[in-house]
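The following pair of complexes shares a single chain, chain A, combined with chain B in the former and chain C in the latter.
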Partner chain A sequence: MNYLLIADIAKSLLLARWRQSLVAAIGVTFSITMFIALLGFMNGLNDLLDGLILNRTPHVRLFNEIKPSLEQPVNLSDEFKGGYNFIRSVKSSGSRPEIYNSAAIMQAISADPRVRGFAPKITSPVLYNAGTIDITGTVSGIDVVAESDLFFFKDYVTAGEPLDLKNVGNSIVLGKGVADKLLAEIGDVVQVTTSKGGRLPLKVVGFFQSGIQELDKVQSYASISTAQKLLGKPNNYITDIQVKLTDLQMAPAVAREYAQRFGADAEDIQTANSQFETGSFVRTLISYVVGITLLIVAGFGIYNILNMMIYEKMDTIAILKATGFSGGDVRKIFLGIALSIGLLGGLLGLVLGFSLSLLIDQIPFNTAALPTVKTYPVNYNPYFYVIGIVFALLTTYLAGYFPARKASKIDPVIIIRGK
Partner chain B sequence: MAQTVLQSIHVSKYFSDPVRVQVLKDLSFSIDRGEFVSVTGKSGCGKSTLLYILSTMDTDYEGDLHIDNESMRGKSEAQLARIRNEKIGFVFQFHYLLNEFTVLKNVMLPGLKLRKYPEDEVEHRAMERLRALDIDGLALKKANQLSGGEKQRVAIARALINDPLIIMGDEPTGNLDKKNSDIVFDIFRRLSIEFRQTLLIVTHDQGFAGNTDRVIEMEDGRIIAPG
Partner chain C sequence: MVGDAADFVAELQVDENDIVRIQKGQRVLLTLDSYKGQVFEAVVSRIDPIMNEVSRTFSIEAEFTDRPPVLYPNLTTEANILIRVKENAMTIPRSYLVGDSLVIMENKEPRKVVTGLKDYLKVEITEGLNKDETILQPNQ
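Entry: the complex of A and B
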């Protein structure tokens, strides 16, 4: 095979100036290492920050918004059908925050193949009573198992056993901020009053820390039945149904469909948290730009070294041509040199990049806001490694292309006569 | 019946930098198989320019060139490279070996490129040629460890590797002392007699030229004595 001969010649030229070749390869290695480490780290952070909100946000949330009725009584009356009715001072009606016919809706949702799972929820504003002071807050009645499964509830319970919420009657998991204000320990009993005047003593079975301090200062969790008891409502009372889909991108369409089908309000995750998507997009963009800039700089290094090599190897090129190697062969030889530098440097870069990622992954990162995170987060997406090696080969190919073309056009007569 | 190996038909060449000058003026001659020809003339008479046209490396000329009864006009760069590889062996004034390779590999490269024989056969043939030129002991040395005379002999071995139709030399002894010049000449002479190898050597060494079978004398871009 002729390519073997060309590869052999490329190898000999490469090794004849192995120091230069090494410097060029180290340039590529360095850029790929930084590219991999940077992207892994940036995306790890992205995932962490997104997870902070997105993990616990349902893809579609069904609820009844407090809003004025679209159909005012006057419009329903036959007497006033003929004209256009102006109504002043319309008030919102919030008398029934629950979802109507919740059991049937939940059944319909669980039969939908697009749905990964759902968790019913009751939210109720409350007052925590501690001695003479009252602290305003919110108690969410949740299905602990579904909530842990879909929204990682367990991860955010920093003390106590989350399943006790289900197993112990009249129990509550307090937000860390609330607990600090109430000076409550696990096992203590706290008094909770609803806005409607219902009052219930609840046993503290755990603490909850979300990473968002403002939330922890108001939010507590109880089981659905405890919340229903607290509010004095029957056991079909549900205010929210949180749906997680198999594909996040379907959320807006599903939300529209559910709103129409179930006669409730439905909000999708994209609408609720659009700013997070923008944030991650910009961060990812920046890390790609930095990584690719590094590679282009390495590409210029290779370009310089190959150019220099061609000036040094004029005689070699001339003699190869005189003895029957075509311009195409010479071009392949120099492209081979460039791609070998790119491949070796790139592969080494992948290995070092992975090592550096592992190292970053070991650096302690403790913050009160993120109880589940102990070290810097790193994303090991194989996609970055594929992009890394593809870009290493692409930049070295381009860096080698022009010098190689120049080499292929060298006129052997000029070199041989020129001595 | 003499077989024509190389034929130059009304070849003219101009240099256009800085002014248009005609360096070769309508040269026509042919070389038959087995001839040992030298081209002589004063410096600047165009003999090297002619050689590069005959060797197909320079394609910027008028007229036509036939090698092995085949016109070189209109051939692509890759086709010409193939013809150089297969039919022409080169010996230059400055040996021009590749310093990155061993002597053996230098000799083998054109053979490997031609791919007429498998690699071990090419290696065997290369060793044969080195042995014939009495330098087989240097086979595994790097090219830059050799003396000038040795290098030129390696270059001759390389020129022979593909059994070329013709060997072309551009002042092959120009850079060598008397003793080494004699060795190189003796090799050419032996190739001519023993193998009926066709040789075309450009030289301004009158002693060298005088010992060849045919001397083409050039002056001012013209052949004044076709030998």
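Entry: the complex of A and C
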């Protein structure tokens, strides 16, 4: 059959009642706009919340935990292995916080194809000396470049230049809370004492704000070599190796393998932060449900309007059939009307949804907890746009299908005789 | 570990809670960080009577009876001191003990027993229970 002719008839029917068609299209447009904006916003927020923790958490962390040794000497000895040994007091061993043979381990990790990168780290409890007052805290020795690369360290340095940690000898980036207590400005020198009594004057080159206030009150950063100097340790002294993988899902398997291979404790991100995945999954689910509900409501609007149109155009349909159009052709005409409403409304909805997302992206959103975030976060994943247009076409097709089927079944003889 | 070049003793720290049980001549089983997975033997040779007030521990010395081939001063060691060895002792899982000294017999009657050594997993029963008798796990 001639599709051009059918399209032409559909177009004239659509335009003959252009106000109704417009209302139907606006319904679709509105729901698609909201669907896109809602999903973009929800996912942007999700990414932000996940990023708060996930960006800064290594996928696999290698360290030495202080814990009682599992294999007590008496259980290892041949003579007493068989019996049950009551050990009155087991003390934790593991007096060495540093990772044994760290240089070789780091070499092995960097050769692993599953690893995107790693950053060595030294953590050390310290006292910041301000006059006669001592403030307890922690200094982490980090590799600034690797840390910025993998864990976005730069984003959390709110004042000063993070790279100065590497370039200026004996420098420190103070947590904002620590700096407020010490009344320290950039360029000042603060005294830091370790638990072993080592004391070092360090130059403040920046402030650090993590978004977790309790952390900012104790945490400061120095370069690895400065931390080693502070502790009086040689340059192979590393307490943590933080590994980022190419695929986060592999973390538990890799952690188990590393713990076994390197003889250290390994913790994976899923164990450390298991609640996060559940949270983001539920939030995504809610936004999808709301978006799809909007589309279904719009679908009912289209259904009503097409139904009305068919009642009004009974005569037209009768004449079409009388002049030789088959039931299938009439159905195609009405489906064509429904789909063009869906397509036009949907495309317009995509454009408006994108504009609305851009608008949301401009709204200021300032919070002390997130120094790097200035506006509301929005995710522009093209996947949402594809889902949006597919759903628009699907709901309008379903909404048009039943009225179209009814129209195709009209008997022209009854209509014409009835007039 | 301290000593002259050929003869080493192991210096061990014992918690004040446990010190009264330590006597000279008791056997000591040692693992050394430098010898992973191997067990060596020594006997308690000296108990220093002055407690270290900072760590709340007593220093004791042990002489090796089964000496590792190479030793250096200040190596790290972890030791278990054998206080008593008992053959054919009866132990039950700790969760089968009700309160301090009751077990539930097969006929659901509680019975008083005398317990010996205890840790978080098992309890030694010294009196009041026969090895042919069955006890039940108490309901939580």
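Simple rule for what comes next: the second predicted complex is superposed on the first by the 416 of 419 C-alpha atoms of A that agree within 3 Å, B and C clash if a C-alpha of one lies under 4 Å from a C-alpha of the other, contacts with A are read in each partner's own complex, and residues count from 1 in each chain.
As a convention for this text, a contact is a pair of C-beta atoms (placed from the backbone, for glycine too) under 8 Å apart; a residue touches a chain by one contact, two chains touch by 3 or more.
If you're wondering where the values come from, they're calculated on a predicted model, not measured in any experiment.
Participant: Superposed on chain A, are chain B and chain C clashing or fitting side by side?
Facilitator: fit
Participant: Does chain B (first) or chain C (second) touch A:Pro73, or do both, or does neither?
Facilitator: Second partner only, chain C.
Participant: Which partner, chain B or chain C, touches the larger number of chain A residues?
Facilitator: Higher number of touched chain A residues: B.
Participant: Put chain A at the vertex: what angle do the Cα centres of chain B and chain C make there, to the nearest 10 degrees?
Facilitator: Nearest-10 rounding gives 140 degrees.
Participant: A:Thr132 in the overlay: touching chain B, chain C, both, or neither? Say first, second, both or neither.
Facilitator: In the superposition, A:Thr132 touches no partner, neither chain B nor chain C.
Participant: By the touch definition at the top of the document, which applies to A:Ser326: first (chain B), second (chain C), both, or neither?
Facilitator: A:Ser326 contacts chain B only, not chain C.
Participant: Pick one for A:Arg88: touches chain B only (first), chain C only (second), both, or neither.
Facilitator: In the superposed model, A:Arg88 contacts chain C only, not chain B.
Participant: Using the touch definition from the top, say if A:Thr367 reaches chain B (first), chain C (second), both or neither.
Facilitator: It touches nothing on chain B or chain C.
Participant: Using only C-alpha atoms, work out how near chain B sits to chain C after the chain A superposition, in angstrom.
Facilitator: The answer for the closest chain B-chain C C-alpha pair is 75 Å.
Participant: Would you mind listing the overlap between the chain B footprint and the chain C footprint on chain A?
Facilitator: Common to the two interfaces on chain A: nothing.
Participant: Flag every residue of chain C that touches chain A in the complex, lowest number first.
Facilitator: It comes out as residues 15, 17-18, 21, 29-31, 37-39, 41, 76, 78-80, 82-83, 85, 89, 91, 117-119, 122, 124.
Participant: Would you tell me which residues of chain A are touching chain C in their complex?
Facilitator: Residues 69, 71-74, 76-78, 80, 84-89, 91, 93, 95.
Participant: Of all residues in chain A, which touch chain B in the complex?
Facilitator: Touch list, chain A to chain B: 2, 5, 9, 12-13, 15-16, 315-316, 318-329, 411-413, 416-417, 419.
Participant: Sort out for me which residues of chain B touch chain A in the complex.
Facilitator: My answer: residues 48, 52, 55, 57-58, 77-78, 81-86, 90, 92-94, 96-101, 109-110, 112-115, 158, 170.
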